[in-house]
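Here you go, one structure.
Chain lettering (A, B, C, D and E) follows the sequence in which the chains are written, and residue indices restart at 1 in each chain.
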Amino acid sequence: MKYSYYPGCTLKNKAKDLDAYARASAKALGFEMEEIEDWQCCGGVYPLGSDEIATKLSSVRALNDAKEKGQDLITVCSACHHVLKRVNDDMKNVDDIRTRANNYLKLDTPYEGETNVLHYLEVLRDEVGFDEIKKKVVNPLKGKKIGAYYGCLLLRPGKIMAFDNPENPTIMEDFIRALGAEPVVYPYRNECCGGYISLKEKEMAQNMCEKIMDSAKGFEADMLITACPLCMYNLKKNGTGDLPVYYFTELLAEALGVKEEVAK
Amino acid sequence: MAYTYGNTQNAAERIKEISGVNPLKCMKCGKCSATCPAFNEMDIKPHQFVTYVQNGDIEALAQSKSLWKCLSCFACVERCPRDVKPGKLIDAARQLVVRERGQNYLTADEIPELLDEETPQQLLVSAFRRYRR
Amino acid sequence: MQELIARAKELLADGTVARVLGWKAGDLPYNPEAAYFETAESLDEFVYNGFCGQNLSKMMIEASKLEGKTLVCLKPCDTYSFNQLIKEHRVDREKAYIIGVGCKGKLDVEKIRKMGIKGIQGISGAELTDDCEELHISTIYGDKTVAYKDAMLERCHVCKGKEHMIYDEIIGESKDTKDADRFAEVERIEKMKPEERFAFFQKELSKCIRCNACRNACPACSCRKCVFDSTKFDSAQKANVDSFEEKMFHIIRAFHVAGRCTDCGECSRVCPQGIPLHLFNRKFIKDIDTFYGEYQAGADAESKGPLTSFTFDDVEPGVVAERG
Amino acid sequence: MSIEAKEEFRPKIVAFCCNWCSYAGADLAGSSRLSYPADVKIIRVPCSCRVNPMFILRAFEKGADGVIMCGCHPGDCHYTTGNYYARRRMTLLFSMLDFIGVENGRTRVEWVSAAEGVKFSQTMNEFVEKIYSLGKNVRLEDLRCRN
Amino acid sequence: MQRIGVFVCHCGTNIAATVDVKKVVEMTAKEPGVVHAEDYQYMCSEAGQAKIINAIHEKNLTGIVVCSCSPRMHEATFRKAAQKAGLNPYMVEIANIREHCSWIHKDMEEATLKAVILARAAIAKVNLDAPLQPGESLVTKRALVIGGGIAGIQSALDIAEAGYEVDIVEKLPSIGGRMSQLDKTFPTLDCSACILTPKMVEAAAHEKINIYTYSEVEKVSGFVGDFTVDIRKKARSVDMSKCTGCGVCSEKCPSKKNPNEFNRGLNNRSAIYIPFAQAIPNVPVIDREHCTKFKTGKCGVCSKVCAAGAIDYEQKDEIITQKYGAIVVATGFDVIPLDKYDEYAYSQSKDVITSLELERIMNAAGPTKGHLERLSDGKAPKNIVFVQCVGSRCSDERGKSYCSKICCMYTAKHAMLIRDKYPDTNVTVFYIDVRTPGKNFDEFYRRAVEDYGVNYVKGQVGKVIPQPDGTLMVQASDLLENKQILMEADMVVLAAAIEPNKDVRKIATMLTASIDTNNFLTEAHAKLRPVESPTAGIFLSGVCQGPKDIPETVAQAGAAAVKAIGLLAKDKLTTNPCTAHSDELLCNGCSQCANVCPYGAISYEEKQVNDHGIRETRRIAVVNNALCQGCGACTVTCPSGAMDLQGFSNRQILAEVDAICR
């Protein structure tokens, strides 16, 4: 299976690991991620305004690129996934935005939300299958108690993201189980860490990160995993400091025995 | 800050238009405020956004701290039983401010001192998108 | 034909049937007409050849009312109509002795004329016993030969098959003459723009002179009194001063036979103006097949027709607008 | 011609409504004061299956610009099965009208329950708007019927 | 030619404010056939009707057109008036110029013009009206009640007391319904079982009442006064006539781990079971899905221990066909599933429960024997939080748009009972509004606050956060304080919205009774006919029509019973004369009409006819007027137009079309 891949700015920079482990794991699991050419930054925040067109165009370009290749579009970064998925929904369902965006872009054939946007985790769950992953795990992460930190962007708004139950998600827990570790379910796993405001409102972000990490620790998690570079940064920077945070792809790569390759 | 929105009803209409939210659907249950992780930092609380828009008191909303404290985490959007989506309203108000007033919450000059080694690009671009025109 | 006549005489003689419904020669070599024969002698006038296109099923409605059985000669495609009439209680199966007559395709004299053949004095090669590959036409301008196929009725090019759906015995061989797609013409029209379709039907239907030949020939149009002749709908026949009249008449006529029409093609065969009336019926048949599953009226005498049955998840009428 | 074109076009629209659901839905639209253009005139029939294609053709013949039929939702027919037959009949009729080149927006079927006053009003507004966009029905009108 | 009178109603200002009634009078007066036209303030009033009657007498009117409200409102009124004046009532037509005109248009000129056109259509129709005589049909003096909860029981009792046979069909093994699951009832705090059980016993003992439990309605045909219903009596696997109800079978049954539906799955029951102690009938049923004997063929313990020899593994479903004159629907409700409200941690924590589960916990026969305990660890809760409006008043697809009506009151009840029995427990209720319309209801709620110290907080709960120590944190709004609260709780009770029983849609379809988008059955008129379905002979009892508490349910059940009795008391019903009729001279006898008739009202006869001198025997369609309901399906199927519908004839409808398109 071959997917169009949208890495996003952070994965080319501060979150290189997230990207590298994802690619290595994909190879081990037998699917291919083909980076789309000339992708542009998604903007990091989905422009909520119904009259915002320009800020949605970079996403539409990426989506259209995948459509032209006839591939599903895969992302690893939660924020990029969120933005792409929501813009795609607009292009599919909101007449006004679709018309205006197409008028602007003047594509050969108008883009109408045809591309299927998938998060890497969704590929693992729906295309590869967690049972299949379990079979391919060479270093089961036995004995590790891992808390999944979902954050907001993957889950909400639930209707559009259609990723998992937004109030009681299970995909990352199933993922953790597939790697041979024990998932820790804690109530703050879908609460916001305050990543977006961490630049100016440090104290606020600190409060929020602490709440999340204290809750996870309370339920005896040894570590957290996340799919979002911003959450990663924020939890590390503004959290309690005594709970390690990893990208989910790193643990995947480790369990699949391809982590060393990446380190090289 | 002496600048005011000429016709307040117009500004309210703009907010409704940008957000696509009908504030009249609100039944004042307060679930948004019960949900909001930034509640304590806000001067105008999420459930009050609706009333401000309804009353056309956009100036107060524009001046509020809440505008910049909202995390865009969509928790209120997800849980609102009436499809009112206070998060969308506040986002629209924020856009109105940065667009029409040229009032950037964050200027380019301020940024370097806020950065550290690990700051991801994502945070920078999102800050730009959220806080300035 | 001789075999047919011999058998008919036999059946008359032994009292199985009281009369024979077949064809006798007309005033021209190509216009045999339906006729009853009640004696062995009269059967000498009996003819059956490539020009006996007329579907005799409908005549059995009246024949069913007569004393005794009627021997009726039905071609494969006529038997569909007969079945449909049984289903609708219009003919009495017990009153009919059906001889399924062979058919190798029926001829359209208009097609011959269109080839520029005039002054026809005689035609051979169209007997049931012939192989029906070539027609030999003697005219006042000399003899001509044309391919049988080229003179066939449109309906025979889309023949439903050489099997008789109902019969008591079969005499003569049949040939499958299908060499075209039944819905091709309908599809061609469907692909046109609405204005073009409108213009097409405007042109065709404006030829209509409301002679009612179609109605009279149609085995499904068997109402004792047509709605267009009754006061029930205030639709009693009026002079045609406007195109709508024809549209209304032909749409309603097609609608009334929708799900019952066997596609026997008599309407187009008898139209003196050459209007392709069968297109309306074919359109309904095509829609019925696509929307509700393939259905051939007259294939049996029991099943419920598509307009008197339904499924819970039939397509919505909006489908017409959706498909554009 | 040019004089006629300047005349404001007010379409004639006939709505056949079944007594049990759609007519009641129209009543509810009325008592809820949900407006729709006055161009729509409703004819009450016991059931959508009472609507004969001849009625629809007749309306067009007499100069109607649009004909809409409303009935109970499939499965909710007061007479159990009436609207299922109506659905087949109208599907075929509409398809035939489309086939002979009549704009298919001039006919519509909508299922409206007694509780759907809002839907009734919305449907009529949409339909009228559609008919306005199509303009006068010149293709089916019988000119003799003008008076 | 008819002599037609047109009567235009002002309906106060309802019509007159938008429609120029004088103009309508003036315009319609000119129509062919119209010999009289007048307007009046209220046509439906006595005085208005008198005007019609007078005009009929004075002007020898043969047809009446009333331009007024919907015929669904006053057609019957005006028909009766005409009848009084000696005119056939079916010579009256209504032009609906209120609902279809004045109420939806603003422009007077436009509305007036439309009113005139609608009147013209009605005039055109009257012109072709023919006097009709209603027929008669017999009434089967027996009622069917679908559902054996308090609504069904009450309706059945009332009908039976009036002297008619009643059958109750209950899907579950016992009657009793939701009310049997309740512990106490508001606003008086009686024990639910104490007031329900006598009713159940009375119903069971009543000589006119026949109860089919563990049974479902399978098929309904016919019409008002003469329904034929197939009831599927599911195999109980126990012979009701032999069983003594000793209960040994349940005790000895080795398959004990099956969720106890009666206790909302909070504990388990055996595979052969009696749902609850007061069950009627007191006969167990084998849950074949969980029974070892049925699953593996090996076991048969119950059969061995049954002294009465009542166990019958071979029992089959039985179909009972019965005729009824009236049907009462009392299918009740359930609470909505909470899988879309995971922010309240219902699926994550055993201590987050629904109010109905709390009823079972509080009940002496419940899973905790009536002790208020946390289901997770059996400890007594110290802080209980109630959350109101969980899934009610929601405009998204997660919940229901309506107010469930009973939650405010039962929550006050729960809060009060808990504070009364366990005074050390803190009780907080988060509410959006407290809605207590009802006799002694607000007083009841105030007692909870004032006498029992229940803490009511205005605001909704955003999230219930399970803690590592097993307690819960509740994050909520206090809107009056403008605060976000984080409150400790060890039990959270959710007032989940109620919704109509899942089966009601299927039943409504069988009955051809209309149903709304929330699956509540629609009443014939929201205000004036609240217990009748628009489908004649179908009556609505209890929550199947809309959310209700017990007193309201019982009141409505009684009202539905009275309506049913009113029907059963008649020996004959006059039937709608607007039936189909076949013109024997036009009929082809083709049988197409019979194919589409839903009532089997069309048969065929070989009949001698004289068709303009031609005498012959023809196969002719004949309509049974008692069976025909007048849908008209046959009329469109008939190609020759032989089949026509009286009151809605082809020519009449065409005349209306012509009048509108004129």
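We adopt the following convention: contacts are C-beta pairs under 8 Å (C-beta built on N, C-alpha and C of every residue); 3 or more make two chains touch, one makes a residue touch a chain.
What you see is a predicted model; the values in this text were computed from it and never measured.
Where each step is a move between two chains that touch, what is the least number of such steps from subunit A to subunit B?
Counted as steps through touching chains, the separation is 1.
Which chains sit in contact with both members of the pair subunit B and subunit E?
Of all the chains present, those in contact with both subunit B and subunit E are A.
Farthest from subunit A in C-alpha centre terms, which chain would that be?
Farthest chain from subunit A, going by C-alpha centroids: C.
For the pairs A-E and C-E, output the one whose chains share more C-beta pairs in contact.
Top pair by contacting C-beta pairs is C-E.
Distance-wise, how many Å sit between the C-alpha centres of subunit C and subunit E, to the nearest whole number?
54
Using mean CA coordinates as chain centres, what's the subunit A-subunit C distance in Å?
Roughly 68 Å, centre to centre.
What is the distance, in whole Å, between the centres of subunit B and subunit C, each centre taken as the mean of its C-alpha atoms?
From the centre of subunit B to the centre of subunit C is 75 Å.
So how far apart, in whole Å, are subunit C and subunit D when each is placed at the average of its C-alpha atoms?
Measuring from centre to centre gives 36 Å for this pair.
Mind pulling the residue numbers of subunit B that touch at least two other chains?
Touching at least two other chains: 75.
Enumerate the residues of subunit A that touch no fewer than two other chains.
Residues 166-167, 191 of subunit A touch two or more partner chains.
Using the touch rule from the top of the page, what residues of subunit E touch 2 or more other chains?
Residues 343, 463, 596, 637, 650, 654 of subunit E each touch two or more of the other chains.
Pairwise, which chains touch?
Every touching chain pair, ordered by label, is A-B, A-E, B-E, C-D, C-E, D-E.
Considering the complex alone, what residue numbers of subunit A touch subunit B?
It comes out as residues 8-10, 13-15, 41, 43-45, 47-52, 55, 77, 79, 152, 155-158, 166-167, 191-192, 194-201, 204, 208, 229-230, 232-233, 236-237.
Using the touch rule from the top, collect the residues of subunit E that touch subunit A in their complex.
341-343, 345, 347-348, 463, 465-468
Which of the residues in subunit D come into contact with subunit E in the complex?
Touching subunit E: residues 12, 14, 19-21, 23-24, 26-27, 29-31, 33-36, 38, 41-47, 49-55, 58-59, 62-64, 72, 75-82, 85, 89, 113-116, 121, 145, 147 of subunit D.
Name, in rising order, each residue of subunit E that touches subunit C in their complex.
583, 585-592, 595-596, 604, 611, 616, 619, 637, 639-641, 644, 650-651, 654
Which subunit B residues qualify as touching subunit A in the complex?
It is residues 17-20, 37-38, 41, 68-69, 71-75, 77-78, 87-88, 91-92, 95, 105-106, 111, 114, 116, 118-127, 129-130 of subunit B that touch subunit A.
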